[in-house]
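Listed below are the structures to be examined.
Look for chain A in each of the two complexes below; its partner is chain B in the first and chain C in the second.
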Partner chain A sequence: MTTPARDGRIVVVGASLAGLRAAETLREKGFTGELTLVGDEPVPPYDRPPLSKQVLLGRVAAGDCGLPARRPVDARWKLGVRATGLDATRKRVLLADGEELPYDRVLIATGTRARPWPHPEEAALDGVFTLRTDEDAARLAARLDAGPRRVLVIGAGFTGSEIASACRERGLPVTVAERGRAPLIGALGGTAAAFATRLQRAHGVDLRCGVTVTSLRGSGGRLTGAAFSDGSSIDADIAVVALGAVRNTEWLDGSGLAAGPRGVACDAGCRVFTMYGIVTDDVFVAGDVARFPHPLFEYQMIALEHWGNAVAQAEVAAHNMVSPGPLRRPHLTVPAFWSSQFGLNIKSVGVPTFSDQVILAQGRPEDRRLVAVYGYRGRITAAVTVDRAKWLDHYRHLIETGAPFPPAPGAADFHAGHEPVPSDVPDPRVLSHGPTVALTGHLPDRRLTLLRPGG
Partner chain B sequence: MHVVVDLNRCQGYAQCVFLAPRVFALHGEEALTYTPAVPRDQEERVREAVVACPVQAILAGERAGP
Partner chain C sequence: MPPETLFERITDFAARADPYPLYAELRDSGVARQADGSYLVGTYHEISALLHDPRVSSDPRSRAEPHEDPAATGLPPSFIGLDDPGHDRLRRMVMRPFGPPHSPHRIDELRGEIQRVAGELADALVAKDRFDLVDDFAFPLPVTVICRLLGVPEGDVPQMHTWADAVVAGLDFAPGEDPSPRQRAAREARQAMGLYLGELAEQRRRAPTGDMLSALVHEPGPDGALTRQELMVSAVLLLIAGHETTVNLITNGMLTLLRHPHEYDRLRDHPEEMPAAVEELLRYEPPVQLLPQRSPLADIEVAGVTVPRGAPLILVLAAGNRDPLRFPDPDRFDPRRPDNQHLGFGSGVHACFGAPLARVETHLALTTLLRRLGDLRLVEDSPEYRRSPVLRGPRHLHLEQHRR
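Right after this comes the complex of A and B.
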């Protein structure tokens, strides 16, 4: 017997990691209807993490980062075509080539794009790059091959730090400019970011924190250098703008959905809210573009630009798109990410910025092997390892079970005398990006609602 | 054949590096890098690595797409 949820028409907008894994899961769960994937990039899905690592090191060609399929997917692929609108009343996705795709259910997986340099004339200089797509990586890798005299990296988040690492490994002089006090401070807090500062300097990076780039200078259309807010300047023939990502939601303007610069708001089951905070039942979202309430983080609306979240959320969204109400699942995965830079493997579970304290639980920074555990109001909320990945599952379990912070000693190399210190991050509520939809008191894993009388 | 490693799951046991050193490599002591597009003469080795991975973090298959 065919249940209605397994038939009909599904359109997946976005054909990268989340869109691909969602399409595969839809078929795996028995969806037999028409399936269409729409992607604005002209190539099949590929993996982005290698672009700032193996590709910039020249070990892998940017065009060779295709993703393996989990299973065959019977679908129509519309690649190289941008979605321009969503008509929620007529249930149609509008495309740039004029086609309208009717749907019974739609998945939004349009992800993010690189935030461009704010001055268009300077951004157009030859030698100014962003890094998000395979084409970006191919162009940048070719220019690194040519042996630039100096590379300027603007922004010291994970992408910027990985770019700087690849350049140093190739022996190229690098200047990193970061407005914050330290590299990675936005992801790890100031205490752990002090480690990143020492790491970059030890590898010969000309690291300049607390400054902004006030102008990129050019001559004859080519980049020649940059000026900083502290009055200094450098000569550089390449500048990589690594100022984070912009969520691809503009195409949803006028759709009536809760979509904006902070992402597309959804419930714990990936169902998108309307602008009035009313949940839809035919529009779903997954991946970098989604904002969802997470029970481990006080149901704050969280948007995660993580590889693992794109996969996990796509699986939940696809499951819920073909499952009747009582069989639907919440997206409860503990956030996790990794970065390799300067020869080290940095991994994280939980949300380090959702913390007020941090403790060095194992290892020592001078050995470049450590576990830092983060807590918020006496509860463990995150852990970050440097070349200590085998410990992460242990801390993931402590996060999931709301274990007390600081963690009990027990690890073999626990160094006595380490005490929790402030993790030095902005107010954790900053993480919520000022939610337009707030859900509280709702425990999706128990499928019930708790009503607590006041007083 | 293409390959992707779930590096959230990877714990650096490096069995894949021993079995298919032309596809998988450690960068430093623990960070794994790999060649997503597997050379044809390495496919059997990659299949062995997929099975041997203690945390089952490696996915190999035909390239996804139309």
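Right after this comes the complex of A and C.
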């Protein structure tokens, strides 16, 4: 039997991880109508995590990171075409090539792009890179192959730290400049970030925290070096700008949707709000560009630039797009991410920045194998492991059940003397990298936060 | 005297052919305290939580009343009986030459060899009207493979088998019988096997041959090299685990498929569906039925019951695998079950070390048997089982073959 929700026209704007998984889920759930995927990149969906890891190490070519298909999606693919607008009244997606795609339901999955270096003439110097796309990674990997004298990484979030790690593994001299006090501080807080500081230094990174890059210098159109706010300067042939991400929402300007620099606001079922905080029923959002309320984190609107969130949210959005009201599901997945850097596997569940305290629950930093557990007002809200990922399920369960912080004693590898200490989460405004989890307000209908000017 | 506690009824040999009704009883009784003070858990979510709980110990010395002195062999415990950080250190040192991230190709490179051995064993069966699947196929395949992987010469394989059998016999539960002679024989076998493997590793140190023992002595990682004793107990662990589990998975697999002829035919015609079928076998008839070694390091609460520190905690994986709160229609064998995160290999930090090898072996074994053999019939159903309630499987599986 064909129900109305399983028929009609669906347009998915964004053809990366979230868009692809949503399309597959739509078909899996029995959607038989017309499906169109729009992507501004010219290539089929590919996986981004390897771009700052295996690709920079030369182990995998950037072009070999295509995402495996879970099932055929029987869709019309509009690749290499940017969406320029959404007409919510006429129910059309406007494309840069002039085509208008009518829809019955639309999914916004336009993700993010790399935040560019703020000075365009410096950003245009040969040797200045950002890292977001397969093309970025291919060009950067080729330049690392050529053996630069020094690489400057601007911003020590996860991407910047992974780039620095890849450079060190290649034996290249690296300077990392971070405006905050330590690497990863925006994602993990100051206490855990002290570990990252020692890690980078032990691997020979010239780590400079509490400084900003005031200028990138060039000669004959090529990058030659950089000057820092503390008056020092370095010579470098390559600078990678890793200042976090910008959400791709400009195309929604004028659409009347709650879309802005912090993302596209939606309810727990991935339905997008209008700028008045009224929920739509035909516009959905998933992936990096979405901000949604999460009950485990006091219904704050959170936006997650996590691979796993893109998959889980896309599945929920797709399910809800083809399901009648009572059968719809909330997106309640506990956030999780991973990173590989400096020979270590770092994984996290929950939201480490949603915390006031942290305790070393298992292992020791000196062994570089540990579990750090975060709490907020006496409740466990996150856990971060270093080379101990197999314990994460335990802590995810504690987060889901609102278990008391600190965790109950008795872990075999708990080291006596470790007490809860402040997690020292900084104000995101002092970071040069964007935090990968952004807590961006409290309630879905706070118009003031939605209408904040861009920048 | 009839057996009394649920655990005694489960371990009673009479229950071996079909323990599943007892497992259903166990799930219904929640976290079941036994008369001897041990606690039995058979529900999926509780087992899963306990397998990931850092307060649950695998070290026999954590028991309030240690039942066996692990030092009696003169050897240190292997990583299966240790907690972190000691477990973590040993396991990752042994993992280094076995699997990712340092040796991602080791198992894959064994495929050809496994296929060759499976093919030769199947060749010998093709012309027979009647054979024992255990002795003629399911046992020799994994034994040959684990010996090859470690680097045990072919001529010494029968000796390995003798020792491994004695070690496993020592793990048996047999209510009413004095276990000490069996346990003494098991200790002696473990010692002899350890000495043999330690000596073999010394030979490999002088002349490496590309196998795992050679890699263990020649390519130490950042943690340094294993001590001779650590190497001995780790190699013994791998050899025994490689011997005594996959044999049951293959045998239980053929038994289950022969009891489900439609699935048998379908898998013969669609070998690409075998990997999912192997996962379902691991759920439906797991070769390791229960983990008897755990105990909490603090009083912990499980499903509303407080399990005191040091109490024996027995996780019945095979009961969790049939938990209707986790798997719809759990007693149905469904090789295409979509959501099948079973407990057949355990989970958490002690998750089966050899799982990737067991999967490949069973996959190749069953596809080879289904492809090569004629129409099979079970001579007896149910077959005669091995004694162990832990490593459960038929002692023999006699089959009649009608050539196609």
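As a working rule, the second predicted complex is superposed on the first by the 425 of 455 C-alpha atoms of A that agree within 3 Å, B and C clash if a C-alpha of one lies under 4 Å from a C-alpha of the other, contacts with A are read in each partner's own complex, and residues count from 1 in each chain.
What we mean here is this: a residue touches a chain if its C-beta (ideal position, glycine included) is under 8 Å from a C-beta of that chain, and two chains touch if they have at least 3 such contacts.
Since the model is a prediction, treat every value here as computed from it, not as a measurement.
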{"item": "Which superposed partner A:363 touches (first chain B, second chain C, both, neither)", "value": "second"}
{"item": "Contacts of A:354 with chain B and chain C, given as first, second, both or neither", "value": "neither"}
{"item": "Which superposed partner A:117 touches (first chain B, second chain C, both, neither)", "value": "neither"}
{"item": "Partner touching more residues of chain A, whether chain B or chain C", "value": "B"}
{"item": "Touched partner set for A:390, first chain B, second chain C, both or neither", "value": "both"}
{"item": "Touching partner for A:228 - first (chain B), second (chain C), both, neither", "value": "neither"}
{"item": "First (chain B), second (chain C), both or neither touched by A:338", "value": "first"}
{"item": "Touching partner for A:158 - first (chain B), second (chain C), both, neither", "value": "neither"}
{"item": "Contacts of A:409 with chain B and chain C, given as first, second, both or neither", "value": "second"}
{"item": "Where chain A meets both chain C and chain B, residue numbers", "value": "388, 390"}
{"item": "List of chain B residues in touch with chain A within their complex", "value": "1-4, 6-8, 10-12, 27-37, 59-66"}
{"item": "Parts of chain A lying in touch with chain B, wherever the complex brings them together", "value": "20, 24, 43-47, 49-50, 53-54, 59-61, 64-70, 73, 75, 77, 79, 307-308, 311, 336-338, 340, 343-345, 347, 387-390, 392"}
{"item": "Interface residues, chain C side, partner chain A - complex", "value": "48-49, 52-55, 57, 59, 83-85, 88, 296-298, 300, 309, 347-349, 351"}
{"item": "List of chain A residues in touch with chain C within their complex", "value": "361-363, 367, 369, 371, 388, 390-391, 393-394, 397, 408-414"}
